[in-house]
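Across the two complexes that follow, chain A remains constant while its partner is chain B and subsequently chain C.
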Partner chain A sequence: MTEATVRSEVGSPAPMTQAVQAARRRAKMRHTLRRASVYAVAIAIALWILVPIWLIFTMAFSTPQDVRSFPKPFYPSPFSTDTIEFFLNTEGVLRSTLNSFIVAIIALLLSTAIAMPAGYAIARFVFRGRDTIRLGILSVRAFPVVVLAVPLAVVFIRLGMFDQTYSLALMHTALTLPTTILVIASVFMGLPYEFEEAAQVFGCTRLQAFWRVVLPLAVPGIAAAAVLTFVLSWNEVFAAILLTITNRTLPAQILYNLDKSGDPYKFAGGFFMLVPSLIFIFFIRRYLFSMWGQLNK
Partner chain B sequence: MKKTKLLPYLLLLPSMIYLLLFFAYPMLESFQLAFRREGQFLNLRVEPQDEAAVVGTLALQTDVTVLERQRLEETLPNGRTRPFYWFRVEGLDTAGTTIEGWASQANLFIESRTESTTARVVGGESAREWTLDYVNRMLNDYRFGSALGTTILLVVLILPLQFILAIIMALVLQAQIRGSSLFLYIFAIPLGISDLASGIIWYSIFTQRGFLNSFLVGTGVLESPYIFIRVGNESWMIAAIVLAEVWRATSIVMVIVVSGLQALPRDYIEAGQVFGANLWQRLRYIILPLLKPSLQVALILRTILALQVFAVVVAIAGRDVLSVLAYETYRWYDPQRFNSPNMAAVYAGFIMLLSLGVSLFYLRAVRSEEEAAKLL
Partner chain C sequence: MAEIIVEHAVKKFGKFVAIDDVSLTVDDKEFVVLLGPSGCGKTTLLRAIAGLGMVNEGRVLIGGRDVTYLQPKERNVSMVFQNYAIFPHMTVFDNIAFGLKMRKTPRDVLQERVETAARLLHIEDMLDRRPGTMSGGQRQRIAVARAIAYDAQALLMDEPLSNLDALLRLEMRAELKALLGRLGATTIYVTHDQIEALSMGDRIAVMRKGQIVQVDTPTRVYDLPVDHFVGSFIGNPPMNFMRASVQKHDGALQARVGDLYITPPDYMLAALRPYEGKDIYIGIRAENTEVLSQPGAGALPVTVEVVEPLGAMNLLTILIEDNVLKVSTHPDFPVVAGGQVWLLFPEAKIRWMDRDTGRAITPELEQVVA
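For the complex of A and B:
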């Protein structure tokens, strides 16, 4: 509200009721207008995000002829799976997709298994060095992949672990571990300690209390953290292209072939990489804020 | 009670070992790669024997004067013998002092074993030495300047756009309009999109036969397609990369900002409303100052990630067209190209230093402002 409108309302010689009604109408108007503008902005941003996804979807499900054509169609007409089939049948694609899955699954399991006890310790115990450890974990969370990938490649070559899916999985585990620890810690922090105490009062050991009471409650949050690990590993390309040659993951394979391949391969590949992430984000969307909310502290 | 004291450390142990193994050890290795070189040095001996004590070392290609020679016999595998010479030589070592000692003919180039008075060191034992050669090579590389410039330009262009958009997105979600959970999902979608996929998507828009040209020609704005992405048209390539990055990576900032907003005391914002502050004033004087810690986290995270921008650049501009620091790292490392892990480690170390510097700068800048506020 500006000063001018206040003055005009206060100083207006018109009868009180009329002024009140006018002000109310104006307020309502302003309210509707504000709502409408919020909607407009929300829809504009949603379109900004969705339109490019729609466009790559269009490319993936048009015929290869349409993909190469100009001007391009803005929706698949005719709808065709030829392009995506061509992509999937290109040599190396299925194999690298399988590799991507293996790497991501190993990273997910390993990272969750190692992070769970650590997260629990940070959430439940007060011990000397706790803040230092937390801070240390926080600071390696943002550690550049580029910095780690080069020396690890050299070490892996020396140890005979180069170009293996499991060594890339080890690397991805390292990348996601800090975040996973903090997320899992935040999940445990969200569960009241009284539950465990009660279980212990009723004769459970500490381990039993954890296994039977805390863990079942923490599963959804831990699963969300695990999904995050999967997505990160599935999307990671720099370490993947450095650490593998014959056992490439999907992003590494696509990146490697980028210069040598035509638009149908690229666009179908772009869409294909997108799909799992879209699904996974849908499942963990509820947890995003609680995860990050805790992480910022 | 001793058990409970040890327990948290035991629980943390696997993680700590893993992180040390995969963060600390590679960092040491990286340091070695960047600053140490495998070199060959000739060890001069006290006596004409391989196992004799070492007097000093000479670098390869050092010219030496032969002071004395000794003829020995060497037995070949077939049982025959042949002469094998050791020379007592004198030369300047790397520190510039004159040293003398024995060296075998295997490591010296000498015209006549029996008569020459000078020789040159051509062999020796391998040893590692400290070197700044790789660093100098990076600094003098013709692509280094443009790689650094482009990377910083991208950071400077991407971050402000991202933060403005993320704050708008967060405010829209906070407005609690109907369907906000749907909007939340849509706004969060890019969280799962890889930089490579994002690069490919925006390439499909900006390429010569792409969607943008299809639209512009279809609506009659242009008569023939404009080639946005080509050598010599850097500004359009940068624009496409910035759009791809803003499109993909704004969601993470949004998530951090929203969780920051949720933690804010509502009274402050309501108080602002009651006292008639408009949206801009509330944002400028209440919300943003309170959000500072969240914004700081997001800023550090995003800057570090933006300094490593790689796949988007390759997908949009192609290889070797537009250089950024992470791409240079890959280019030097690539076994099919330069195959130099040392140079790659130097570039990676440089990115690391930049990230560290930027983080410290942000932390410092925010703290000093707070301290200044306290002083006032």
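For the complex of A and C:
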């Protein structure tokens, strides 16, 4: 080996290392920047959702005087249930809350009862037009209900179903059914068909296999879908305003009174609209996660 | 336990014929393996016997009873599924007891049967646990325990070992064979693994494109394949096939491969006579070819292309004209790639095949025709 090659071998590592280090620094910088921007966006989204919620909570538990004051406090001080009580004692609120519950429960029961067999059929059977039906269900979601407003009201009046709690429940069932069917279908699709076949070989009829094996495994997902129906119905306001006058649900009632009432009423109303959804979503969170493919692991 | 008879079964999925006129008789207490490449219809046939998908034509009889149009639960068969199909929401005990509970078996009998099955599969300590966190091997054991506890007339197994890792598969294979032998269960076992088929079955039914090609004992399927497909599907390495031309040489009917003339055994002469002047295939297993390190009478000099040491043997790849030959030798046999060896083909070990149909040329067949 000549001296020159030896020198070049000894000499070359140093500039190489510098270049590598510089590249590494740049890569690290880029990485840090990327992470920082992801976090920044995430924080922005979180704040966009959380700040109004926090504001509603603060206001709902402040005294009516504090609610009316400006600037508003950042946390309830003093803590008080006066605003809530004022809201609850307002004419029509309790009754509309009760209506909301009745409508949501009926919608939940109906839509689950219909969506379970429908979802099962879509998940398990290959029948003519299955994909068309699936697409049809999905496109119903994309259809603006507003377009149907007048015809719907007319039909309901003609059938003598106008301004009834149960008719609104039917409407909500129709509105939530597409989502519920697709969610429940995906729950069934996540369960291997082999389970049912095994149950059938070991002495079950198809129906027994469904009751003993499929249903227990699908219950979390079905419950999640049911809760979703409940929340959708609880929050739904358009059909509620359209189809009821005396039997208003809570959102319809609040919306109706919104421009006639002060801040305490609005914030307390917001709080009541928000809480059920938050509680439900908190409980079904893990089912919603498991719904998308982790169920059979 | 009982015998299973399938008569002229046909199963179609739309235009695709999955099972094409299959007949099969599995004797009482017999262990038959359905073997074939994927898509050959073996699982479809098993499912048709289980009642998970009825045949379009033909009949299925279990224990002399026509079950062709019965639901799975009415057929009194039990099954081990490929992905085990253990119910995750039940304890191991309830899983094994599932079939018995559906049959409303008295509590004490049920208890006893479940415990016996669990003991046989060494899972008696897990009965109270749920299968959620268990390994593949343990689930496999639960699935088998559930199947044998059910005490059905036939036991159907759909590639039960295919999801286990290699070592566990080897272990379970021997254990399953011993267990099923002791139980005397009429068993149909589906696999695409020919080693599994050879090692476990009383008989093997080799399937291809929806048809059963050959039903025979493992030794006969291995040694006397009925056609080119069976010979090249079974065995590792598969049977070697070389093109040979049948011609008169030195006044006798002989098969010429390269420069080598092979004299067929006397019992083959009549069968081979119609092939005079035509090409046929001659098939021989790697281990039946004798490899000599020096010239011998009737031995063909060849060049070794590749030497693969496999531990128990060395596998040589040899080219004879355009025929690729795999030949095994003792690991101590002195040979290197590019070296020369001499091959001897013992006539009795050679299988003769029609080149057009791929079917074996057998003396019996010729006698039947004549």
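Simple rule for what comes next: the second predicted complex is superposed on the first by the 241 of 297 C-alpha atoms of A that agree within 3 Å, B and C clash if a C-alpha of one lies under 4 Å from a C-alpha of the other, contacts with A are read in each partner's own complex, and residues count from 1 in each chain.
Everything below uses one rule, namely that a residue touches a chain if its C-beta (ideal position, glycine included) is under 8 Å from a C-beta of that chain, and two chains touch if they have at least 3 such contacts.
This is a predicted model, so every value here is computed, not measured.
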Overlay on chain A: chain C relative to chain B, clash or fit: fit
First (chain B), second (chain C), both or neither touched by A:131: neither
Contacts of A:91 with chain B and chain C, given as first, second, both or neither: neither
Broader residue contact with chain A after superposition on the shared chain, chain B or chain C: B
Partner chain(s) touched by A:234 [first = chain B, second = chain C, both, neither]: first
Chain B, chain C and vertex chain A (Cα centres) - angle in steps of 10°: 110
Touching partner for A:115 - first (chain B), second (chain C), both, neither: first
First, second, both or neither for A:213, with chain B first and chain C second: second
Lowest C-alpha to C-alpha distance for chain C against chain B (Å): 8
Overlap of the chain B and chain C footprints on chain A, listed as residue numbers: 296
Parts of chain B lying in touch with chain A, wherever the complex brings them together: 4-5, 7-12, 14-16, 18-19, 21-23, 25-27, 29-30, 33, 165, 168-169, 172, 175, 177, 180, 183-197, 200-205, 207, 209-211, 213-215, 217-218, 225, 247, 255-256, 258-260, 262-263, 276, 278, 293-294, 297, 300-301, 304-305, 307-308, 310-311, 314-315, 318-319, 325-326, 329-330, 333, 335, 341, 344-345, 348-349, 351-352, 355, 359
Chain B-touching residues of chain A, taken from the complex the two chains share: 1, 35, 38-39, 41-42, 45-46, 48-50, 52-53, 55-56, 59, 68-72, 74, 114-115, 117-118, 120-122, 124-125, 127, 130, 133, 136-137, 140, 142-155, 170-171, 173-174, 177-178, 181, 231, 234-238, 241-242, 245, 251, 254-255, 258-259, 263, 266-267, 269-271, 273-274, 276-278, 280-282, 285, 288-290, 292-293, 295-296
Chain A-facing residues of chain C, complex: 50-52, 71-73, 77-79, 81-83, 85, 87-89, 98-99, 102-103, 146, 150
Touching residues on chain A, where the partner in the complex is chain C: 192, 194-195, 197-205, 208, 213, 216-217, 296
